[in-house]
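Two complexes come next, and they have one chain in common, chain A, joined by chain B in the first and chain C in the second.
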Partner chain A sequence: MDAATQRLLEEKERRIRDAVALKTPDRVPIVPLGDAFTARQAGVKVSDFCTDPQIAYRTMIEVFSGLGELDGIQHANYNVHLLSTIWLSRLKIPGRDLGENDAWQVEEIELMTPEDYDAILDEGFGPWLERYFAERLPGTAEAFAAFVATLPDAFAAWREKGIVVFSPVLATVPYEYFCGGRSMQQFMLDMHRRPDKVQAAMDAALPFLKEQMRQVIRGLSLMGLWIGGWRTASEFLSPRLWERFVFPYYKELVDVAIEEGAIPVLHFDADWTRDLERLLELPKGKCVLSLDGKTDIFKAKEILGDHMCIMGDVPPRMLSLGTPAEVTAYCKRLINEVGPGGFILAQGCCIPPDAKYENVKAMIDSVQ
Partner chain B sequence: MDLLSFSGFLGSGKTTLILALAKELAARGHRTAFIVNEVGEVGVDQRILRDDGLEVYEITSGCICCQMGVDLVKTMEALVREERPQNIIIEASGVATPDGIADSLSYYGGPPFASTRSIGVLDPTRLEALIEVMTPLIESQIAGVDEIIVTKTDLATGAEVAQARSVAERLNPKAALRTLSATDPVALADLARSLAGSGRTS
Partner chain C sequence: MVAGVGERIAAGDDPTAILADVQRGMEIVGKRFEDGEYYLSELLYAADIFKQVNEPLAEKLASRETEKLATMVLGTVKNDIHEFGKDIVATILRSNGVEVVDLGMDVDYEAFVAAVREHHPQFVGMSCLLTTVFDDMKNTIAALEDAGLRDGLQIYIGGGPVDESLVEYVGADLYCRTAQDAVVAIKRHLGVN
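For the complex of A and B:
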């Protein structure tokens, strides 16, 4: 890497770290995320993109490098099997189960049984998980290992382009694993019918997940990582159950990430507005709350603005169906009202596959 | 052109109800299109439905937040342009809310609908458990809809149906309320008659 690129990377990393530390950088950093969008823009088959990690990261770099001056990228690479590793679910994969340019799908069926809670308690979560993948999701562990093996090269390739790799790995709480494996419908009933068993299995899983996260942070020298929340959102769950099955587990994961010197990016999809105040219990100036357009980001700023960096939240629908003028106007509002300090501009969730190129460019250019 | 949108948690019986209703509407000569999640609660055999005069459109929901609203709007615009149905029935994802559907439809750029009607579906057989666990979602799926249908009356006890009615009346006292079984042809015919052209004028 030449000296100019190195200096550029340091400048961008400082800008992002300042935002996380609730300072006001020289300008608001822009750190997007997009996967199938880049395949469509580059004319790469989605089926190839989502199953071949070499193709995936090269495609992402090619498209994002042409879109403007990014400070960082959230994920450096993509592979569809990642979804099985956090939701314990089967997938419908383009080119195999779907058309080669269709969007991949998580198949929400009951793959994990109520007896698996006991198996987790008997065997330990790690051995149980290994057996689960081998028996019920064959090929997942191998695909995941192949994906992980490409990460060092992918990180280096992004850095060569002067783009900071911000949060390229994801972790989540036991709830998300079980909810995906059992199917949301059955898991909700489990929390009613056998709450103690569910909690015992969660408590058995958490130490494994914490240790796994610790080793990944160390092994890949991560600046940050996603700690994701999807079906754990406040909009789905009663407060009493959210307090019992959701929040304590996030707190523990966040603490481990911070202990290891990584920035926890709370990638919280859906609506978390009800419980924003609880996030004040997480360490000040150390985390990022990344919102997808459904949580009220302006309310989040009001409650958490002095406590936690906020990231987001250009709505995916706006990127697909809106105009560049709409995107620019919304980004300016975010920069002025949620920023300029303690704020990172990004899309909500992920840039959708059919987002308009000019809309994504408008978002990226709006920080200049 | 009339728009009917159905919301209700996974397993509430939406798909079964909608398919029965759509067939009833098609039998009455209404050109009806049904937009369903690709990964629906019940397998949908499109060929059979097309033979019954019902067009079925699948939307993807790989990531509920990123893509579903976009696919819904694009699918609606395409089918309105190409098929010009008299009725469009949307089956929302089991975790979607009427507000979320309305938000997505704010991007719809096709011809206006003569009327729109939102329907919330409640499954009385599991309501006691789900309302305890998922209070906010169940409430959002029922509050604000124009009509609430308590389904599965053939499977539920009288007490369960009474409880579901009570919950519906508490959460949304203004909504029309009916109870039925999707296997009862008389009730379905009555529902089809009631819903065809009964929505709010947009």
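For the complex of A and C:
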């Protein structure tokens, strides 16, 4: 890498770290994420993009490096099997189960049974998980290993382009695994019908997930990582259940990430507005709260502005159906009202596959 | 509650009266959901209990003409296989006395048209989780229009990426953020409390 690129990377990394530490950088950093969107833009088949990690990261780099001056990228690479590894679910994969340019999808079926809670307690979460993948999701572990093997090359290729790899790995709480495996409807009934069993299985899974995350942060020298929340969102469950099955587990994962020197990016989809105040319990100036347009980001600023960097939240719908002028106006509002300090601009969740190129460009250019 | 209903059936209580009581219970649950006291987790739990008590009652009521509030043809639109949100809506509507014709997921435009033709519903519900199928939602509604079935039909839409602004784009009547929103909207439209 030449000295100029090295200096550029350092400058961008400092900009992002300043925002995380609640300082006001020279300008608001822009750190987006997009997957199938880049395949569409590059004319790469979605079926190839989502199953071949070499094709995926090269496509992502090609499209994003042409879109303007990014500070960082959230994920450096993509593979569809990642979805099975966190939601323990079967997938519909383009080219195999769907048309080659269709969107991949997660199947909402009961692949995990109530008896699995006992099996987790008997066998330990790690061995149970290994058996679960082998028996019920064959090919997942192998695809995941092949994906992980490409990460060092992918990181280096992004950095060569002067783009910081910000949060390229994904961790989450036991709730998300079980909810995905059981199906949301069954899992919500489990929390009422057999709460003690669910909690015991979660408590058995957590040490494994913490240790796995610790090893990944060390092995890949991560700057940050996603600690994701989807179906754990406040809007779906009562405070009583959320306090018992959700928040304590996030707290423990966040503590481990910080202990290892990584920035936990709370990638929280859906509406978390009710519990924003609870996030004040997480360490100040160390985490990022990344919102998808469903949580009130302005309320988040009001409650957490002095405590936690906020990231987001150009709604995916606006990137698909809106106009560049609309996107620019919304980004400027975010920069002025949620920023300029302690704020990172990004799309909500992920740039959707059918986002308009000019809308994504408008978002990226709006920080200049 | 399941046992209590069983006892009342065994004691020879009027099944219509028992069902009315159970539905009043669901209304209280719905009200608590609207007030922010209950959440989806409680709504689903209550609907599951309703389903369990409804089975023995349904047998008793099979011989009688039961009163249904309305009919909704419901489905996840073409090119989207995400059914969970749609399933919640079906569960909650049924436990509130709405007959639901569930077309499943990845529903062809023409399947919606055929179902509306066959069942003459007052309501159609469409769900999606992908932004890429907004046009499929729009095309489904256009197909209903082309078939001359749009007039007098209330079309409600919902799902993860859906919001108010999509109503106009696809040509629907209303956006429902939650399943309970649909219950409230249906009752309001019918002028029922």
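Just so we're on the same page, the second predicted complex is superposed on the first by the 368 of 368 C-alpha atoms of A that agree within 3 Å, B and C clash if a C-alpha of one lies under 4 Å from a C-alpha of the other, contacts with A are read in each partner's own complex, and residues count from 1 in each chain.
Here, a residue touches a chain if its C-beta (ideal position, glycine included) is under 8 Å from a C-beta of that chain, and two chains touch if they have at least 3 such contacts.
None of these values were measured; they are calculated from a predicted model.
A.B. asks: Under the superposition described at the top, does placing chain B and chain C together on chain A give a clash or a fit?
C.D. replies: clash
A.B. asks: Should A:T328 be classified as contacting the first partner (chain B), the second (chain C), both, or neither?
C.D. replies: In the superposed model, A:T328 contacts neither chain B nor chain C.
A.B. asks: Examine A:C350 and indicate which partner it touches, taking first as chain B and second as chain C; both and neither are also allowed.
C.D. replies: The first partner, chain B, only.
A.B. asks: Name the chain, either chain B or chain C, that contacts more residues of chain A.
C.D. replies: Per-residue touch count on chain A favours B.
A.B. asks: In the superposed arrangement, does A:Q199 touch chain B (first), chain C (second), both or neither?
C.D. replies: neither
A.B. asks: Looking at the overlay, what does A:T5 touch: chain B (first), chain C (second), both, or neither?
C.D. replies: neither
A.B. asks: For A:T273, is the partner it touches chain B (first), chain C (second), both, or none of the two (neither)?
C.D. replies: Neither chain B nor chain C is touched by A:T273.
A.B. asks: Would you sort A:Q212 into first (chain B), second (chain C), both or neither based on which partner it touches?
C.D. replies: neither
A.B. asks: What part of chain A is shared between its chain B contacts and its chain C contacts?
C.D. replies: Dual-contact residues (chain A): 92, 102-103, 105-108, 183-185, 188-189, 191-192, 235-238, 241, 270, 316-317, 320-321, 352-354.
A.B. asks: For the complex, which residues does chain B have touching chain A?
C.D. replies: Listed in rising order, the residues of chain B that touch chain A are 9-11, 38-39, 60-67, 69-70, 73-74, 94-95, 97, 100, 103-104, 107, 126, 129-130, 132-137, 140.
A.B. asks: Using the touch definition up top, name the residues of chain A that touch chain B in the complex.
C.D. replies: Interface residues on chain A, with respect to chain B: 92, 102-108, 183-185, 188-189, 191-193, 230-231, 234-238, 241, 269-270, 274, 292-294, 316-317, 320-322, 348-350, 352-354.
A.B. asks: Quick one: in the complex, what on chain A touches chain C?
C.D. replies: Of all residues in chain A, those touching chain C are 92, 102-103, 105-108, 183-185, 188-189, 191-192, 235-238, 241, 270, 315-317, 320-321, 352-354.
A.B. asks: Could you pull out which chain C residues touch chain A in their complex?
C.D. replies: Going by the criterion above, the answer is residues 38-42, 44-45, 48, 79-84, 87-88, 91, 130-132, 134, 160-163, 165-166, 169.
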